[in-house]
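A, B, C, D and E label the chains in the order they appear, each numbered from 1.
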Amino acid sequence: MSLFLFKRFVTLIATLIGASIIVFLVLEILPGNAAQILMGPDAAPDAVAALAAKLGLDQPAWTRYWHWIGGLLTGNLGDSYAYSSPVIDLILERLALTIPLALLAMTFTTVLALLVGVTAAARHNKLGDVGLMGLTQIGIAIPNFWFAILLILVFSVQLQWFSAGGFEGWDEGVLAGLKSLLLPALSLAVVQAAILARITRSAVLEVMREDFVRTARAKGVSQRAVLWRHVLRNALIPVITVMGMQFSELLAGTIVVENVFYLPGLGRLIFQAISNRDLIVVRNCVMLLAAMVVIVNFVVDVLYAVIDPRIKAHDI
Amino acid sequence: MTNTPANTPLLEVTDLVRHYALPRERLFGTPPMVKALNGVSFSVRPGRSLGIVGESGSGKSTIARLVMALDKPTSGVIRLLGEDLHALPKDALRKARRNFQMVFQDPYGSLDPRQTVERIVAEPLEALGETTRAQQRELAGESLVAVGLRLADLHKYPHEFSGGQRQRIAIARALITRPKLIVADEPVSALDVSVQAQVLNLMQDLQQQYGISYLLISHDLAVVNHLCDEVCVLHRGLVVERGEPQHLFAHAEHPYTQALLAAVPRAEPVIAS
Amino acid sequence: MPLLEVKDLHVQLQTQRGPAEAVRGIDFTLERGETLGIVGESGCGKSITVQSLMGLLPSTAKVSGSIRFDGTELVGLPERAMCKIRGDRIGMIFQEPMTALNPVHTVARQVGEPLRLHRGLSAAEARKEVLALLDRVGIPDAASRLDAYPHQFSGGQRQRIGIAMALACGPDLLIADEPTTALDVTIQKQILDLIRGLVAERGMALILISHDLGVIAQNVSKMLVMYGGSVVESGPTSSVFAERAHPYTRGLFAARPELGTPRGARLATIKGSVPELVDLPKGCPFAGRCRYTVDACHATCPPEVQLPHEHLVRCIRLGEIAAEESIAA
Amino acid sequence: MSAVPAAVPGTAPGQTSGFWRRAMHHRSFVIGGVLTLLLVLAATVSLAWTPWSPYEMDIASKLQKPSAAHWLGTDTFGRDVASLLLVGARASILVGVIAVGIGLTVGTALGLLAAARRGWVEEAIMRFADFSMAFPAILSAIMMTAVFGAGIVNAIIAIGIYNIPTFARITRASANAIWSREYIAAARACGKGSFAITMQHVLPNISAVLIVQITIRFAIAILAEAALSYLGLGTQPPQPSWGRMLSEAQTMMFQAPLLAVFPGVAIALAVLGLNLLGDGLRDLLDPRLARAR
Amino acid sequence: QGRKDSMVIGMALEPPGLDPTAGAASAIAEIVQYNILETLTKINPDGSVTPLLAESWEVSPDLRTYTFKLRRGVKFQNGEPFSAQTVKFSFDRAGAEKSTNKDKRTFANLSTQVVDDATVVLINKEIDPDLPFLLGQATAVIVEPKSADANATKPVGTGPYKLDAWNKGSSVVVSKWEGFRNAGSIKLNKVTFRFISDPAAQAAAMLAGDVDAFPRIATRVVPQFKANPQFQVILSGSRAKTILSINNKRKPLDDVRVRRAISAAIDRKAVIEGAVDGFGVPIGSHYVPGAPGYVDTTGVNPFNIEKAKQLLAEAGVKTPLELTMTLPPPPYARQGGEVIAAQLAKIGINVKIQNVEWAQWLSGTYGNKDYDLSIVSHVEPFDLGNYAKTDYYWQYQSKDFNAVYDKIKTTGNAAERNKLLGDAQRILANDAANVFLFQPQWPTVAKKGVKGLWKDMPIFVNDLSTLSW
């Protein structure tokens, strides 16, 4: 296991270095200059130049790259051009929303998908199965921003159970915070849950054909218990593989959903920062997202081994 | 080994060793090894058949893979018709393959479910690349008839056949290049007794008809006894005993062979009702 | 009252090509401590028969007839009640030791599951029991291997674990569905010795399925020969082996290569192959493949003919066969 | 030698005619096929004819309810929604076909290569897949549009690129499973090279997995285009696409909810059709299931 | 509705910082101006200029010297006193070499002299009768030397409110400053600015009751509130001019007939309907109704397709003429662009729409002047001067206009100035320098009980001191 962890760690670092180069290069060729954007169209040219110098935009790319990497390692990411406050603070503030949001959405996705997938598999080819799978077909076809508005229409405008968006921070209490993340998480989760439910169903059906299921039933374990205790865990390998991929899609989806619910999250920060050419923010956020995805994939790999004892490190 | 060689051997295996390195468990230190074969030698003369028996994991399939040049030995030499198989260049090896073919254990897994019987049977020809499509079809048909199937079966898919019929298809595929040697790794162990009998009879007939030699791998002593002129008993990657089956089974000397024989249940009822 | 009494058991399965009678009218009884073997070609319905005893068939299967187990009618018994019997009063060992165990649960958990389920033991108590069971079936150094996973055991050891699981609650009836087909001879011998010992020791009834006649001969006192979903011959093992009254039984015995036969001798084969269940003929299932077939064979399913020693055969041509045999001799 | 094969009910030699005959009896294939055909038909018809010009504005009659003149009503610019839907089908098909095409060709090729070569090639390809997975479609689309400007082409490329690792991973996993089959060993014993084996044995046998994945990815691509349109990065005006219609209608959800319903339903039907078609195709192409249903 | 002392105000965009002297985003002023930071003068809803931190001022006849009398006893929120020195500091800082003030040029032309603690004299190098107005804008806020550099995150001013919290990406909270010179007149104790950019989300937030008032809400969502008795809708005039800017140097747009043809092809009514859902007033030149010296020039190039086609033909333009239209992100541009493209198609001009972000617009369109057509709202109250700059992005050049504009700059007499302004407007209209589309009206949606909202908006501010329930 230690060797496996080491190897995996090395590739993880290599991936991150690759990502950092790509991110830096792509942002390097972006047209438009942060100083000009910040100053607006009618600003005096020398004012713009002064700002550019202040922001360090006049140095060569190579220097700035090293500067950035050095900063990444020491935790000093520099100051946002636009907010003129430390990027690290900005990002941490936003993460306090985006991570709980993504986790909540992932939880919804998982719970919904497992419930629907396992139930459908248990009623294979019966009415319940057909009905649930029909629902997932619809679920797959719904764009998340559209579903988000629908949720707002019903739960905020009509029923007034939730506010239509916004996030007051965790100071108001964990419950209040979760409440304002509920609808966004749900609208993020619905498509992913539909996809995952279909995958769960087929994985469960596959496992249900295995011999050990019969063995378990021969011991007197009831159908339901067999499903949840014996079948599900074996079906989890394909399920978590897909979950790993979905996590990155969820993270990306937050860009859209945070917009609809005007949540101060990482996704919106990136989107705004790109249009502001606040490259220092973009660069670090994109890097962070990439790192999160890479780390989630790493976790998924480790989870394989946790779920299935047969999988030794080297099989991965 | 009791017989003096009448002519040059068809297949000659000398000091075959195959060790598998398992992936390292830790960063530094030698990776663990599985010593599947530890110096096996035997030879097969033209038209004669050799059986290899042994318990699970004794290295039987490893021998088959090495002889078929699907895997490289750690050391040792395999000569087919005097040529060192593992030293042949790629192209020459492909040409040489017409002389040795293989029949696999699992009649359900060894036929591509998405190909027609025609394509399956003609595959060795196709790989050789010396014949046209039409010739391949014709030869495939002939081969199929030789194993007791019908021409009409050419257009069917494997799933439309029973286990015994599938094993016939596999044999037809092995037969199509008129090989001198067929390596059969447990060709009947997945089959039912009655079907097994059909396949064994077929193999016997083909041997007589075409002068094929078999390298038959099995854990069923009776099957080997039925088909082979000579038997090697394999134990932990070594040949512990060899000889004519009749003789060997009657006068086993090595304790492992004896244990093996003792374990075979006799079809004589012992419990009185 | 016999422990198990099966009368006119029919099982209909839903296949891709429509409904198929996989088991068509089977009768047998089994007393406590008695051993019964079932032989027959692959696909003749052996497993379906025993799975119907356990209520393990897919939900689309239709079972009719009567299965009385210790006075309880199992046909139509609700799933809940059936769960109480499975694993407690009837234990089952399966063919494939490699796939019959759940790969993601520890051995202790799997073997302990029936104990916790039926005996209501706590995890710790179950663990103690499991240890004893694993010792009993001969897992070396069982104490240290309780928390190991199935893939860490060899095939023979896994089969032993399967046996321990089936025996956990001390069942009255043990069903072994081809328990050794996947194992090589030396290990097969160990396993069969183990089962035989346990049966003798605990006085369980045993149903042993195998298509290996040697295995049957060595392990059971009476046997059924199945073909095409019905029993074509049944009786005491010694009697069936001696008489081989049904043409199919003969074919089966003759097809088996045996050590000691001279090389080059041809094996007798049964021509044709087992018919698919959906297109089984109306009359005798073996009609058509049988040398002695006459028109009457196709008409109806032959009735049982009683031979000495409670030996039953379903064939209408016994006389002719006997006559031919005596001529040949 | 006496064994005569039992009569096996099988398919006639003429396979192609049999395929269509079977296909016509396959419920999901037929329904999915009809829906997909309608989608293609809508796109094709729109090239020649639409009830109204999709670019013709009549601001005076904006936001009308469905009527005989405007079957599905009009949008905020007074354009005919039905015509927009017809023309919008083109963009959706384009996005789906090309984005999935990119992912399928490149990703599958990489996955097959990884499975065939194993060792460091496989390791490198899979790490590359992990790496590109780190840039979700929306993220790369945002970055690409920032560099090259917004437009459908960049959206398609971004979605396509994201599809590559998905297909690569799935292909590799299934291909590895196929490579461990005995019929592959048989082909190798015949002297076939990795390339021939990959094309003749591996690819056909993973086609079922690929087909299902294609239909799912197609659906996701259409949705991704919608999300990008929502952010203003997808199809550019005046070219309509379902995604853009949806994102425009989204601002009108409180006043004219029907505007958001029509493109939504269109997307749902297209996705449903493709999924059903995929399921059907998978069954029909599998000789083992040929007789089923 | 009971008495409430807090309010939530919606804003479409979040400011990048809170220092209006360092950044140009109008969102900065919308939060801080008049609330936290104050100016010498105050611009009122009607466009008039009245004293704020100054008590009064005098202008020399040559319009070059301004003498401001300052309010006494005013303190900054950090306790420092406000005086002539702070004014000098602020203006010198704004005009300094390193300054990043948007109006740096204005301040660079000023020299500020302290007469006594309560008197400053400003001497302007150029003549600008509008100086009192300029000094009421956010770029001219008076800052305190010790705290000035931290204003972007912790603004310290003399205004009635102080910053409580800035939840980045979400909201800014300000609360009443008890030390304000006139604290008694301030009704609201706490005001939250919440940032919601998505139009549907804006509507949802209003409907769900999360936001009490939303100035400059997206026009798309306004109609539904008009009919809703729980809400009030206020339409305020502005000094903004939404125009279809034309690259006057590009062929064939350098031909005045082509530009006139484009003007004549555009139905402003439909554009207003399509771009801002009817919330706009047609204009004919770069000047808006309500501004001093306005003349109606909408009749100069009236909507007339036949005329437009004829003009194109006269200019010898072969149709279809391919032009690109570069559109920045705001809805008025994106939606208006679609409408205009459809209208130009009718006279044989094929417009290719290119949507860009502000960043690209600024560097490509504005900076490199690489465009044919664009749509932008020019929000500076008085910016005719841009037509006199030859390098401005529309690259308009006219000797006549420059002559008139030079006179405007030096004319102090209102009547004379207004006449000159009228001339300038007519020149621009005749030259069809750009297509002048409309003066936008900013809709404000608020709950019924909200009082004191500005009716007109010459500049973008949210004057909290007037608000109450």
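What we mean here is this: a contact is a pair of C-beta atoms (placed from the backbone, for glycine too) under 8 Å apart; a residue touches a chain by one contact, two chains touch by 3 or more.
Here the structure is a predicted model, which means the values were calculated and not measured.
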Return the chains shared as contacts by chain C and chain D, ordered by label.
A, B
Between A-E and D-E, the pair with more C-beta contacts
A-E
Taking each chain's centre as the mean of its CA atoms, how far is chain C from chain E in angstrom?
90
Note: chain D sits from chain B at a C-alpha centroid distance in Å of 46
Could you grab the centroid distance between chain A and chain D? Build each centroid from C-alpha atoms only and quote it in angstrom.
23
Any idea how many Å lie between the Cα centroids of chain A and chain B?
53
Residues of chain D that touch two or more other chains: which are they?
3-6, 146, 250, 253-254
Numbers and ranges of chain E residues touching at least 2 other chains:
198, 200, 204, 207, 329, 357, 359-360
Each of the following residues of chain A touches two or more other chains, namely 30-31, 149, 153, 157, 259, 274
Looking at the complex, which residues from chain E come into contact with chain A?
14, 16-17, 22-25, 97-102, 104-105, 152-153, 167-171, 194-198, 200-201, 204-205, 207-210, 329, 357-360, 362-364, 366-367, 380, 383, 393
Sites on chain A touched by chain E in the complex
30-33, 36-44, 46-47, 50-51, 54, 82-85, 90, 93-94, 149, 152-153, 156-157, 160, 162-169, 259-265, 268-269, 272, 274-278
Could you list, by residue number, the parts of chain E that touch chain D in their complex?
198-200, 203-204, 207, 218, 220-221, 223-224, 269-270, 273-274, 329, 334-335, 337-339, 341-343, 345, 353-357, 359-360
Please name which positions on chain A make contact with chain C in the complex.
210-212, 214-223, 230, 233-234, 307-310
Please name which positions on chain D make contact with chain E in the complex.
55-57, 59-60, 62, 76-77, 146, 149-150, 232, 236-238, 250-255
